[in-house]
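You will see two complexes here that share chain A, one where it goes with chain B and one where it goes with chain C.
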Partner chain A sequence: MRFVVVVKLKQGILDPQGKAIRKVIERRGEKRIKDIRVGKYFEIEVEGSNRKETQKTVESISKDILSNPIIETVDIIQ
Partner chain B sequence: MKVGIVVFPGTNCDRDIFWSIKTLGGTPVYIWHEQEDAGDIDCIILPGGFSYGDYLRVGGLAKFSKIMDRIGLFADEGKFVIGICNGFQILCESGLLPGVLMRNINMRFICRDIFVKVERSGYVFTKNIEGKILKMPIAHKEGNFWCNNETYEGLKKNGQIVFSYCTLDSEIKDAANPNGSLHNIAGVCNIRGNVLGMMPHPERVCEELLGGVDGRQVLDFVGRENG
Partner chain C sequence: MRFVVVVKLKQGILDPQGKAIRKVIERRGEKRIKDIRVGKYFEIEVEGSNRKETQKTVESISKDILSNPIIETVDIIQ
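Entry: the complex of A and B
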């Protein structure tokens, strides 16, 4: 079963990488980009056919390993 | 004092620490990160470097190494644990120290000398040097210390802020902050005071030949019997 996990910085945590990218885009003439925040994207293949169970496994590794809950949030997309 | 130096794949300050501890009268031993037992030692140091290539997050994979369980118990026993640079990042990731070290605010790897003020003493690492200004090098891309307000208030209240970036005149202000750290924090300890994390490298300034000896003031406890 395939899952996609997106890890993002929490709102309010400064993201200098996103800011730098936005600045470059602005310099290239596109003035409408108000904010960019950079995150991490994981594609995860899990063995098993029980959706609930595999989802639980993915939730647990997302929380414990893929993200640092002090500054990041996790979205499991599918 | 017998000091264990933990070596992860990607650690690169282990030999500097080894040399400095020996120079200061301690007995250093290397501990491979997959060892479950640290042996009979009095202090554990997690050196700087790029454990696991900084993959995922700095320190984010090293915290799952076998030796880390032992280090947690070691800290619970009140023995001394120091994390320097990447070691500090690992201690924060593993929850042995509060907060997190984020990307430097200017997005750059910074390698230069800075000044820190020793904010507290009483505990072994900074015994007798409270208020002193130390010159040490930093070398990191993720040294921007951050924690939430509640944690910060706790750090202040419990005297857990050990080092703050400052000017030569001991002023703690933005101009002296190399990486964007919250309130110029360069090093913190746990409530008990036996676990210390710091971004500057004391082991690189233990020899006149290398440009300074201020690091000795932090590390010279290793030459004593019980700290």
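Entry: the complex of A and C
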């Protein structure tokens, strides 16, 4: 079973990586970028036939290992 | 205008970061994860009213700055 997990910084948390990328783009002459925020994207293949139960496993992994719940949010897609 | 860009390693390209995460999860006792692949996720806010034209700007940034087209693919969402 395949899941996609997206980990993003919570709103209000500064994103220095995104800021740096925006500066690079600006220096290249593209001035229309107002904001870039960077997140992490995971494709996870899990053994299991029960979708609900497998999703719980993915949720627990996402919270415990893939993200820092203090500053990040997790979206599980599919 | 808001775009989401997902950059993933091409199929067949090894993903040592994903492999390392899988090992950590396995060591924690969760044996059902068959594969994890890690990508990059960007939320980009662009000034512009013409969606098609703005999307072209985002495509060019994605190919030139956000990804390495030799080993990565780019998906632009929304």
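FYI, the second predicted complex is superposed on the first by the 78 of 78 C-alpha atoms of A that agree within 3 Å, B and C clash if a C-alpha of one lies under 4 Å from a C-alpha of the other, contacts with A are read in each partner's own complex, and residues count from 1 in each chain.
Note that in this section a residue touches a chain if its C-beta (ideal position, glycine included) is under 8 Å from a C-beta of that chain, and two chains touch if they have at least 3 such contacts.
Remember, predicted model here, so these are calculated numbers, not experimental data.
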* Which of chain B and chain C A:V6 touches, first, second, both or neither -> second
* Partner touching more residues of chain A, whether chain B or chain C -> C
* Asked: Now for A:E43: first (chain B), second (chain C), both, or neither, which partner does it touch?
  -> second
* Asked: Which of the two partners, first being chain B and second being chain C, lies in contact with A:L66: first, second, both, or neither?
  -> both
* First (chain B), second (chain C), both or neither: which does A:I33 touch? -> second
* Examine A:L14 and indicate which partner it touches, taking first as chain B and second as chain C; both and neither are also allowed. => first
* To do: Identify the partner contact of A:I76: answer first if only chain B is touched, second if only chain C is, both if each is, neither if none is.
  => neither
* Partner chain(s) touched by A:V24 [first = chain B, second = chain C, both, neither] -> second
* Identify the overlap between the chain B-contacting and the chain C-contacting residues of chain A. => 65-66
* **chain A - residues contacting chain B, complex** => 13-14, 16-17, 20, 65-66, 68, 70-71
* Asked: Along chain B, where are the residues that touch chain A in the complex?
  -> 56-57, 60, 64, 93, 99-100, 102-107, 146-148, 180
* Which of the residues in chain C end up touching chain A in this complex? -> 6-8, 18, 21, 24-25, 28, 30, 32-48, 54, 57, 61, 64-66
